[in-house]
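Chain lettering (A, B, C and D) follows the sequence in which the chains are written, and residue indices restart at 1 in each chain.
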Amino acid sequence: MAGNTFGQLFRITTFGESHGVAIGVILDGCPAQLPIDLDFIQSELDKRRPGQSKITTQRKESDTVQVLSGTFEGKSTGTPIAMLIPNEDQRSKDYSHNTDVYRPSHADYTYDAKYGIRDHRGGGRSSARETAARVAAGAIAKLLLKQYGVEVFAHVSAVGQIQAPNLAQDDIAALLSIREDNIARCADPATAHQMIEFIDSVRKDGDTVGGKVSCIIKNCPVGLGEPVFDKLHADLGKAMLSINAVHGFEYGSGFSGSEMRGSEHNDIFLANEGQPKTLTNFSGGIQGGISNGMEINFTVAFKPVATIMHNQQTINAAGEAAEIKGKGRHDPCVVPRAVVIVEAMAALVLADHLLRNKTSRL
Amino acid sequence: MAGNTFGQLFRITTFGESHGVAIGVILDGCPAQLPIDLDFIQSELDKRRPGQSKITTQRKESDTVQVLSGTFEGKSTGTPIAMLIPNEDQRSKDYSHNTDVYRPSHADYTYDAKYGIRDHRGGGRSSARETAARVAAGAIAKLLLKQYGVEVFAHVSAVGQIQAPNLAQDDIAALLSIREDNIARCADPATAHQMIEFIDSVRKDGDTVGGKVSCIIKNCPVGLGEPVFDKLHADLGKAMLSINAVHGFEYGSGFSGSEMRGSEHNDIFLANEGQPKTLTNFSGGIQGGISNGMEINFTVAFKPVATIMHNQQTINAAGEAAEIKGKGRHDPCVVPRAVVIVEAMAALVLADHLLRNKTSRL
Amino acid sequence: MAGNTFGQLFRITTFGESHGVAIGVILDGCPAQLPIDLDFIQSELDKRRPGQSKITTQRKESDTVQVLSGTFEGKSTGTPIAMLIPNEDQRSKDYSHNTDVYRPSHADYTYDAKYGIRDHRGGGRSSARETAARVAAGAIAKLLLKQYGVEVFAHVSAVGQIQAPNLAQDDIAALLSIREDNIARCADPATAHQMIEFIDSVRKDGDTVGGKVSCIIKNCPVGLGEPVFDKLHADLGKAMLSINAVHGFEYGSGFSGSEMRGSEHNDIFLANEGQPKTLTNFSGGIQGGISNGMEINFTVAFKPVATIMHNQQTINAAGEAAEIKGKGRHDPCVVPRAVVIVEAMAALVLADHLLRNKTSRL
Amino acid sequence: MAGNTFGQLFRITTFGESHGVAIGVILDGCPAQLPIDLDFIQSELDKRRPGQSKITTQRKESDTVQVLSGTFEGKSTGTPIAMLIPNEDQRSKDYSHNTDVYRPSHADYTYDAKYGIRDHRGGGRSSARETAARVAAGAIAKLLLKQYGVEVFAHVSAVGQIQAPNLAQDDIAALLSIREDNIARCADPATAHQMIEFIDSVRKDGDTVGGKVSCIIKNCPVGLGEPVFDKLHADLGKAMLSINAVHGFEYGSGFSGSEMRGSEHNDIFLANEGQPKTLTNFSGGIQGGISNGMEINFTVAFKPVATIMHNQQTINAAGEAAEIKGKGRHDPCVVPRAVVIVEAMAALVLADHLLRNKTSRL
């Protein structure tokens, strides 16, 4: 109930603080006999790793994952898979001045108010460092999805007011190649260039900026999602909203759908052989909370990172006025590193619903 | 796991089909000794009831709730509270022609694909009629919140492209009075007038239109929400996305926050006595997933209702071309009736986190 | 968390008080397309029904079950199956004198201490009447098990010190016929006769007596049970211990196994074709928490019913001395009616693990 | 659902194989501000540690625990507490001959049948080595209980047919001193002597023997336990039955209660000031599933360890006859080391219900 567990049948529990010994995750419920490709897990972590480019935090962490249990001769055994990521660059002295002062728009005050005690070093448990554990588990979810042909692809669709055009094509391998070719992780090279310039200028200002990540899921089997509370998009939404700094989620027609009429919004079924298809896809691949076999798509809005290199007025734990200036190593814009976190959480939701759906009928 | 349960400690399980004998809910985990005001529960249901105005469906249901268990001499006893709402106006013959045909943007196809069997009468379990059970349970959640002084207020903030202005004041009783004074349930009388005109014209076209519901929560205690996966806004988001026809959720600065810089977005703490306050509230009352005592606010986007009175091309269960024309009794715009559903789900999330927070420290 | 839910994937939530409007159950997670035989459900309830013989309570309840949802044209649809059993003979005046007095070895005091409020009519929620809801859901679990050929058979193996001999044969249909031929529900006619005589004499003394129910499960698929905390026998044990008046559970060699040596206790595998078998079955069909395909067997100990027709010293809510005399209509010995409750709970555990096991490997 | 998690609010998830890198546990839900005494945790592990006396397995493991997260300056922070116990003495070559052969009354066959893959080294996940993780978490549960004055004491009450007399006194500190003074962990010195002699002779025979552990809980607050499925004794029973080799559980009057009459079994309330007490305690401190403030007591039956040093007939994975001889390092009798495991699981159940009970009333 303390909320460090996600998923029902394919279920993760994460632990660890930003500047503690290590962070990690236990994945329980991974079906036996799944090939566990350690290199793939590490390559996913490398996409989230700090210090990977000039537009990310310069904290140095190799984020090397260790698998402690649950695999045998390269395959899952059905028992819990525990993974550990030691913290290496724990310059917690950077944070010693924060002991008693509440950083604006961080979780310092709320943790203190809730628990009456707080590991103030680098945000402790509230640090986005926790998401590395999600990425490791999400990589195994992707390995499971691969067995079913499901593909998950996220990309930076906006940085500040710079909006990327719609995806030019739908081949995932090609899109991935374009995206990984630029440090903004945008699927459009020209927009990527603008985004990088902009983030870099924001960084030089000692400021930060928000952005959006969009995600598509291809070849999702029909029937995933439970129809009332655990609708597929509701679980995707919760997964995304649980990522640090996320302030909004929309799928299919999203917010713009609220301005449409039924006669334009309805997705007309096409008579054809095989699995039904629709002419449009305002439903975003999900109807009544259940996947319909069309492409699933959604977008996630990230607020700007709260740590800025400016002087800011704030208060201390006694409620007195205080001043703060960010001294840690932080990201000017979180979305390039968030892409793989969005994919990981989406993969975890899909893997969970794939398993859940195995019991929906005799 | 079949997903008909919501909440952890204050937990509801709903049941029932649109055109079955009854729908209902079991609420487990309601603390003992809470006064259970039946008239209040019924009055909440009356706000969701079909047939309440010219801009809602004309299905006739009194939606009279029966409490079957869990109360004694007007108070909760700590045992499960079961509530039953019999279905009265089950003109299922209206739906007899839908047996085999998939209505566009409904859940007919996905239910069939998932379960291989489907109660086709009026959408069966996928009908928004299920939300009456949520409203009944949400009313009890509100009674619990009342003990803590927490107030939840939702209102129609947009219909199609008609957007209401920001709330003119923050007295909940006054806002409620304005809202209930118009059948659009908008908190601005002038906008309400436009909305009603517009919905009525859409209705006459045999069409439907989407809209938005916004919600504020006042006097929320500091400390609600669990910091990693079960962040308060993540659970609110899931709750909202589980409501029929919802395609988007944002809180605080929401999607517009993705365009902002940290230096403008950060909510500066004000030195003062008592509970800390912030100058702005882009955080929407939640920081690090935990309530900070400021007003919580969020907005929910609803797509247009899928049932329209036009001829539509579609397919049948064999994949063959078919034609369909809506004949049931449906809403031209769902948001006026959705207001109380949004409030109910928000109240359920808050009640759950109120209880969960009781164990956060020694 | 309030504990009125049992099971993970095949999951029931019960509600209702002994002398309220009704009791009932929601079964969530029943796979779609299961034929739901209402007559069978009712026949199971009839075996638990009060007033069925001279050695049971004389409370008159037809225990007629109503299915409110989740089925369509005789089959499950995958949505929640709600079942209602109205209370008919609620002579709550029999209990009016108990308002303030704590009956010895009942739950009156502990409910009061826990909740500060108590529906004192007939034990309220603590009454074994709640188990009728379990039997209704358990009947559907049996219908699911039937699809897999699994058979569950329980019988009265002891009343007081009268112990039945081991089962004379292993044909379930034959055993069932013998058992239902006597009101003690013992699988040995001669012992049944003694038991009935004894219970009747105890009843005439205004007293009660304990007993034991034993259960076997045949044709259980290999592989059910999760290996660490949710071992198959651990879940069976919890299920049995959750039945009113149960004070002990043992499976396989049970308590006598604690006196044995490994060299006598080990079940030697037999070389043969097909599914492995063992020479002995001290493991009770479960090894490492997982079913091994041999017959599962366990025994449940019931204490004597607490309501006796004698004068008893006790206290009232103020802690003052008081006197009490049982006036309600109660069972002199609970085991003949408990047989079908034991079967129902066993069936629920097996159905749940059948579904859970569907995701154990790729 | 894969069953490696125990508890609802005070919740543990364990991981690790007998001969893998490490075993460990995540404890989620520990309230903030609890002093975490590492020396105490280690001292609990030392009581379970292999190689501690001549009557335990000679496997050498220091079982040194590392706390990876969730504490700050000696106190819990409300975030997950992860603990790691590296495996040191992994002589897995001892098990290389077991690759393909099913050891009688072990979990080799059932794991293989369930998962189709098995870490055969030392039993892998099915090894009782997993219980070290439970003891580490149970130690923290005890630290929480200590804040409420609750004391948990278990002891060896039988080895084979050697039965210890009833506890001679009820001072826990004194009992603990007597128990820890002998390697059998019996609370009666004379019986302990017999038990040690007997276990040693069994060991010399290359055989093993079963036994019983009894447990008392003092100063348990009134009101713990949820009344229907999650009765306090049902959760204790499940906890105990989830320990390797346990075949039976009874509480209060237990199996002997099934032979008694209500008139002798009923626990008469005594008129007095303060918290009600009963003359007898056949209820074992629990009525209607809820603690009543009297001493809680229960007994757990352990079968003999399956690994013996004799030649045994068995089969291999192909179903062919094979012979096996135990070569690993195992316990001749598991109960002396099991005492602290029983206490740990009892403490985990109580801690969980302590937290759960915080929300039972307004």
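Keep this in mind: a contact is a pair of C-beta atoms (placed from the backbone, for glycine too) under 8 Å apart; a residue touches a chain by one contact, two chains touch by 3 or more.
Molecules present, by chain and UniProt name: A, B, C, D = Chorismate synthase.
Small disclaimer: the values here were computed from a predicted structure and weren't measured.
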Check: Farthest from chain A (Chorismate synthase) in C-alpha centre terms, which chain would that be?
Finding: C
Checklist line | Higher-contact pair (C-beta pairs counted), B-D versus A-D | finding: A-D
Check: Distance from the CA centroid of chain A (Chorismate synthase) to that of chain B (Chorismate synthase), rounded to the nearest Å?
Finding: 26
Item checked: Whole-Å separation of chain centres (CA-atom averages), chain B (Chorismate synthase) against chain D (Chorismate synthase) -> 46
Checklist line | chain A (Chorismate synthase)-chain D (Chorismate synthase) separation of Cα centroids, rounded to whole Å | finding: 39
Checklist line | Overlap residues in chain D (Chorismate synthase), where contacts from two or more other chains coincide | finding: 1-2, 4-5, 8-9, 14, 29, 32-33, 78-79, 114-117, 125, 227, 359-361
Checklist line | chain D (Chorismate synthase)-facing residues of chain B (Chorismate synthase), complex | finding: 1, 9, 29, 31-34, 78-79, 147, 227, 355, 358-362
Next item on the list: Enumerate the contact residues on chain D (Chorismate synthase) facing chain A (Chorismate synthase) in the complex.
Entry: 1-2, 4-5, 8-9, 11, 13-17, 20-24, 26, 28-29, 32-33, 66, 68-70, 72, 75-82, 84, 114-119, 124-125
Checklist line | Interface residues, chain C (Chorismate synthase) side, partner chain D (Chorismate synthase) - complex | finding: 1-6, 8-9, 14, 102, 104-107, 109-111, 113-117, 125-126, 130, 158, 160-161, 202, 207-212, 222-223, 225-231, 233-235, 237-238, 241-242, 247-255, 257-263, 265-274, 276, 278, 282-284, 287-293, 301-308, 310, 312-315, 319-321, 356-357, 359-361
